[in-house]
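So, here come the structures, one by one.
Next come two complexes, and both contain chain A; in the first it sits with chain B, in the second with chain C.
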Partner chain A sequence: MYLIKKSDVLNIAKALSAAYQVYGPVVEKVSGQTFFEKVDDISEITLAAPIPAAPPKSVVFPQAERIMSYRYAGGNTPVEIKPDYAETPKALFGLRSCDLTGIQCLDRFFLGQEFVDDVYRHHRKKMFIVTNTCVVPFKYCFCVCTDSGPCADEGYDLNLTDIGDNFFVEAGSAQGEALCKKLNLENASEQHRSEKNACVDKSITLFEEFSTESKAWISRVMNRVTTGFAKEDVWEYVGDQCFECGACSFVCPSCSCFNIADASGGNGSCNRLRTWDSCSYEGYSRMAGGHNPRKPVEDRRNKRFFCKLSYSQSKKYLRPGCVGCGRCNWVCPGDIGLPNVVKYIRRETTSR
Partner chain B sequence: MNQKPGVCTFCGTGCGHFMNVAGSTVERVFPSLNHPVSQGRLCVRGWNIHELLNTAQTINRPFIKKDGRLSEASYDAAVSLLVERLRGISPAAIGFLASPRSTNEEQFLLMKLARAVFKTNNISLASEAGHRGSLNVLHGGTGMAGMLGSIQEICQAEFILVAGSDITKQNPIIGSEIHKAAQAGAKVVTIDSRRTQMAKLSTTFLHITPGALKLAVAALAKYIFQEGLIDADFIKTATKGFDAFSAVLGKLSESEISARTGIARDEFKAVAEALSRSRTAMVFFSSGISGLDEDTIGYLYNLLAMTGKIGKPGCGVNPVAGLNNLQGGYDMGCAPDLLSGFQPLADQAAVKKFSGAWGVELNTAAGAPIYDLLSKSPSSLKALVVVDHDEGFIRAAEALGKLEFVAYIGAYQNRFMDHADVVLPVGRYIEADGTFTNTDRRVQLAPKKAEPAHAVLPGWKLYTLIAEKAGVKWNYGSPSDIMDEVARLTPAYAGISYKKLASAFGIQWPCNEKHPDGTAHFDIAMAGGSITFARVSGTFDMPETSADFPYRLMIGKAQDFWHKNNLMRKTFIPMREYNATLLDYPEGYVEIAPETAKALQVRNQWQVKVVSPYGELPLAVKISEDVKSDTAYAPYFAQDMIAPLLAGHPEIVQKGEDATIPIRIEKV
Partner chain C sequence: MNGIKIVTIPEVATIEEIRDEIRDVKTFYLSLDNKEIDKNFKIKSGQFIMCTVFGAGEFAVSLPPSPENDRFHLTVRKVGSVTNALHELKPGGKLGIRGPFGNGFPFEEIKGKNIIYVAGGIGLIPLRSSIVHVLQHKKEFGRVLMLHGARTPDDLMYKDNLKEWQSFDGFETYITVDVAAPGWTGEVGFVHTLFDKANLPIENTVAFVCGPPVMFNTVIGELMKRGLSDDCIISTLERHMKCGVGKCQHCAIGRTLVCTDGPVYTYRQIKTLGEQI
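Right, the complex of A and B next:
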């Protein structure tokens, strides 16, 4: 437990930039939109910026990434194949707890099962994570319904909480502890810890007032989805509103589905790309030969919600697949962001 | 921070996005959350635009055809050859086919190149007549050649009519905005011959007989007139020409309406009442590649004029352009008879203004649209310069083969190159500053985001080089200078500059001294206090079915346009999604209702023979609840195959989404 003055908090990022490529929340000036971005100038970071528009998922799982390259000159020449992807130590500075939870879900998918994904592992190893407690929730947030905020409780190296003039700093790992020592941070007292806890408690009470766009009774709906008590008509109502754009998957901190494509560069050279994919796309579940087990759009839509809200899936993540960031509600051209679908299932909504 | 703002370049909605760019590669795309049009939304195309921008299938150097094969050349040699060949041909025999995808600056310079340097008025956009029909109706009635309402005001409309447009597929984010209005309580009515997604999301769906759209719109107008639901004050004080329109309506027989549209009188009446009682109303219809014909658009415009739903916030007659800069193409004067901003070439004052500014005497002899010229046999056209063409439209291949000279200008490889004597590459959209004008007249700046991947010129520099080789020196330091010239010569763009555009999300024209921040919606004052009703034909020809040809075949375009799109084919995910139906039905399909399938005793993907009075073709069956039992639907991508069905009747396809042929279906 340490303290750092508010005016000094970016010193942590500065110190990290010596050994890591730092990523942090940056506000684009004309639009006012927050991005969680690679930063070369630490002063660009706005720690108090609203939750970033896109989750930092792209740092560990980019929208499009070369995972291998090959070259074949034709005839009897051998094919040259090499794994070909980047390995840079990365520090995520000012991550929100929902987004950390998202990365933990991705870890369990890419690293926690029978096969370990080497490309993902390269992004993830040598990573330093500094989380930032949301002392005020944002319009679309509902992490209190998904047990993923407003304050991170594991998985970080350092956790920062704005307690007034200072940030309360908790170290969650040995490398976090070491950095605090290196920076000579002032020790915090139990008094400071109770101040931090009060800030978190207050944040939770503010959801009622601030988070007006999203609320989701997750536990209730998980029960219904798992036991098959979600009505067919409700899925149809949801499916009719799906524009098949893929946005919900792309902005979801925990969505991990991808497509593999070979991008030819001419002269026999080729990059194998891994790109984001979405279960809302018809081509996603289409099999060789043309059969598609999930051809109707409502079948594809309910797949998404089974993935986020059923017990069987949650066993893989050790938690619900939804982390309560509310981004799918921002970007959905229909009206079927996850919190809305939860509402439709609970109220058995089948028409306007 | 490496997030560069831009405008999606697929459809005419004009959604805002941000891109991470590393060198010449786009790493990722993200929607612009505070963008007034898209508000954080993108469709499947927009979310995957980086796949197109990163494709290796770009044109990376100029080519000249030698001995029937394209061989690499320098810009200097290729442009010199272009100029030399065009110089040897009389201006009346030279044509320029502009692209509805180019930036405004490129459109304007191409128009200037055609008229001021090569002295021809044969310039048109590669998008058929649809959008021109919309602009003719709106300009004729109100003086404003663009959408009368605004996408941002959709949420203010209490009543929204979607007429014959598969809008959630073609312009998904406009469809989304209409859906959100419906969720918030607006009454949304879809009139279509096929159950589209918008139909499912509407409060009321009028599932009409194919080919009856115009009659259905006229029927609504008739019941509004007959039941005294017109806005009499508005008609009296702010319009001209209502009597001629109401006379046409008086001649419509009620029994004929119901019999031919398949919609009962009470259904029409309920919609007529809802439209009339609402305080604000909008109508949306496709414009451009799948546009309606001018007469139908006239009825739609009149419908809103007679109910007083023009010239107020939350109101408007709103054509929806299918391509990103179709509106901008017309604004920049890429039409035989128009200078920029819909100023007619026949207007001597306008010609004098342009001649003065450009220091040349403009040729005022009327030009003609390129497709009209190509379809004549023998064609008077001898040389053609084509910009950025979608290969789905290569149906004039035979006519192209007869030309003395063809030049192709574009960023992406395309089958059109095979027809070209000279190929000149231009940069991808991210390689230069440029503006686009979306379907609601919003002029948006997309700043340069990447260095050229190859030594390729941006379009504006290429056109400047062509002019220079032809002996005319243009002094543009940047695209911003070109927009300044557009502003000086175009009243609707008078107040627009790069400086103003850089600090906001675009400006809706007209932008001038009176409206320095642009104009969200048409106002009656802009037309001097009075608008004019469109003149309509009063005829409703519909192909009739008979015992021999009992089904009405619709030829859909909107959704399937993207299937054959040259750009989609250079991506991974959009190609997969748009070609999914093509994979199932590589030879095309005919969609029929389950009852029809039962009657014919066929199943999904079985082969049938479709026979029209003009010809026949084999297609696979796709069974769907979205068509009625006496109708069938064939998508546009099968047009090559549909041609035999239409032998000698190209005018049927000209009817856009309302194109219909009577057929019979035979089990093979």
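Right, the complex of A and C next:
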């Protein structure tokens, strides 16, 4: 436990920038929105900025990336294949706990199953994570319902909590501890820890009503979805409301579906690209020849909520697939962000 | 049997020979360029690979060769942009291979049983490896039957194999076409119309069914009407796939992934998945 003066907190990011490419929350001047992006000038970071519009999962799982390139001139000529893994050491500074939970979900999914995803493993190989406790929740947040906030408990190297004039700094790993020592941070007392706990407790009371009232319902709805007791009507309604824009998947910290495409670069050279994909798209499961086993839109919507809310799927994340960031509610033009779907299932259940 | 698995970066293979099968379907005989890997590349019957056509893309394809004494090959119908590009290639051309992936057929569990193969059209491709395997170990099984139906006599798959199989001692083969052509002296009608003639065994029997969805549903309905239990009907599913190793999620059905939990399922499992075949 350490303390760092508020005015000095970016020194942590500066120190990290010596060995890592730093990523952090930056407020875009024109739109006023927060983006979690590559930062070369540390002073651009606004630690208190609202949660980023798009999740920082793009650092470990980019929207589009080249995973290999090859060249083949045709006929009986050799094929040159070059894998292309991103290995730059990265530091994530000022990550919110929901987004850290999202990365933990991705870790368990990409690294903890039968097959290890090499592309992801290289992204994750050398990384330093500094989380920032949300002392004030944002409008759509419901991490209190999904056990992923407002303060991270594990998985970080350093966790910062704004306790007034200072940040309370907790080290969660040996490399976190070493950095605190290196920066000669002042030791914190038990008094400071209680102050931090009070800040977290206060934050929990500040969540919007929709969030606090669905707290018990998330687990009940998970039960309904898993056992198939969620009514068909709800899925049909959800399907009717869906615009198939895919935005929910792209802003979700734990959505990990991807597409692979070989993009020709001319002269027989080609880049194999891996891009985000969404299960709400009609072409997602369509095979060559046109047969699509998953046709109706409610089938596809059902798939996404099944993925987030059923026990069988949470086995791969060792927790619910939803991290309570509220972004899907924020972006969905059809009002079927996850908290709303929970509400619809709940309404169906209680109106019987 | 534990050979290597090529997971992320494809290994280059050379096309040694190409055979025309039926309209739009060709067989490509391949060997991996890296001889060390080629030697240790062991497939299980019923598995699949991801095949890269350089410059066009990658697709999932079932493996027709038997794991034992069979040249490594793929049989592919041209149906989309990548398979069209594949059909343009000539012997000596290069392909990329990842795999083998998937669970494979449960031969240990079906030892001693009667085996029925029902294949519609190119549905014979994924069943071929299993047929060759069972014929090689014919003594370990009871009656072995194959019923193959195609649209026209020209659409019958693996004609050379069919001839060989028809003369294989103890292998009961029935072949039919939907529409006869001049000179066709065999059966005419959908494949399930042969069930009576074949005097299908039901007790202690496992059926492998593969074909287009319409045929699949009819055949399964008929088999179950005759008393075959849904966990004795085995099929292999096709899905759009990008990774083959359970990450891209394109092949998810219900709570399973066709690439890692399948592609071989019993009909009992398929029924609970909540999706079309």
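By definition in this document, the second predicted complex is superposed on the first by the 337 of 352 C-alpha atoms of A that agree within 3 Å, B and C clash if a C-alpha of one lies under 4 Å from a C-alpha of the other, contacts with A are read in each partner's own complex, and residues count from 1 in each chain.
As a convention for this text, contacts are C-beta pairs under 8 Å (C-beta built on N, C-alpha and C of every residue); 3 or more make two chains touch, one makes a residue touch a chain.
Worth saying up front: this structure is predicted, and the values here are computed from it rather than measured.
Enquirer: Aligned on chain A, chain B and chain C: do they clash or fit?
Expert: fit
Enquirer: Under the stated touch criterion, which partner chain does A:S211 make contact with: chain B (first), chain C (second), both, or neither?
Expert: A:S211: touches no partner chain.
Enquirer: For A:S264, select first, second, both or neither according to whether it touches chain B, chain C, the two together, or no partner.
Expert: In the superposition, A:S264 touches chain B and chain C alike.
Enquirer: Considering only the touch criterion stated at the top, classify A:D277 as touching first (chain B), second (chain C), both, or neither.
Expert: both
Enquirer: Looking at A:E244 after the superposition, I want to know if it touches chain B, chain C, both of them or none. Which is it: first, second, both, neither?
Expert: first
Enquirer: Rounding in steps of 10 degrees, give the angle chain B-chain A-chain C taken between C-alpha centres.
Expert: For this superposed arrangement the angle is about 80 degrees.
Enquirer: According to the stated criteria, A:D335 is in contact with first (chain B), second (chain C), both, or neither; which is it?
Expert: A:D335: touches chain B, not chain C.
Enquirer: For A:R286, using the defined touch cut-off, is the partner it touches chain B, chain C, both, or neither? Pick first, second, both or neither.
Expert: A:R286 contacts both chain B and chain C.
Enquirer: After lining up the shared chain so the two structures overlap, which partner does A:Q104 touch, if you call chain B first and chain C second: first, second, both or neither?
Expert: Touch status of A:Q104: no partner.
Enquirer: Looking at A:D118 after the superposition, I want to know if it touches chain B, chain C, both of them or none. Which is it: first, second, both, neither?
Expert: Touch partner of A:D118: chain C, not chain B.
Enquirer: Quick one: classify A:G75 as touching chain B (first), chain C (second), both or neither.
Expert: second
Enquirer: Once both complexes sit on top of each other, what is the least C-alpha distance from chain B to chain C, rounded to whole angstrom?
Expert: Checking C-alpha atoms only, chain B sits 8 Å from chain C at its nearest point.
Enquirer: Of the residues on chain A, which ones does chain B touch that chain C also touches?
Expert: 259, 261, 264, 277, 286
Enquirer: Using the touch definition up top, name the residues of chain B that touch chain A in the complex.
Expert: Contact set of chain B toward chain A: 1-3, 5, 16, 18, 27-35, 40-44, 46-48, 50-51, 54-56, 168, 172-173, 175-176, 179-180, 182-183, 197, 200-201, 203, 502-505, 572-573, 576-577, 580, 583-584.
Enquirer: Over in the complex, which chain A residues touch chain C? Could you list them?
Expert: Checking each residue of chain A against chain C gives 67-68, 70, 72, 74-79, 81, 83, 109-110, 113-115, 117-119, 256-262, 264, 268, 270, 277, 279, 284-289, 291, 293-295, 299, 303, 307, 310, 312-313.
Enquirer: Please output the residues of chain A touching chain B within their complex, sorted ascending.
Expert: Checking each residue of chain A against chain B gives 26, 28, 30-33, 35, 37-39, 44, 53-54, 58, 62-64, 240-241, 243-247, 250, 259, 261, 263-266, 273, 275, 277, 281-283, 286, 290, 330-335, 352.
Enquirer: Using the touch definition from the top, list the residues of chain C that touch chain A in their complex.
Expert: The contact residues of chain C facing chain A are 7-10, 12, 14, 52, 54-59, 79-83, 90, 92-94, 96, 213, 238-240, 242-243, 245-253, 255, 260, 275-277.
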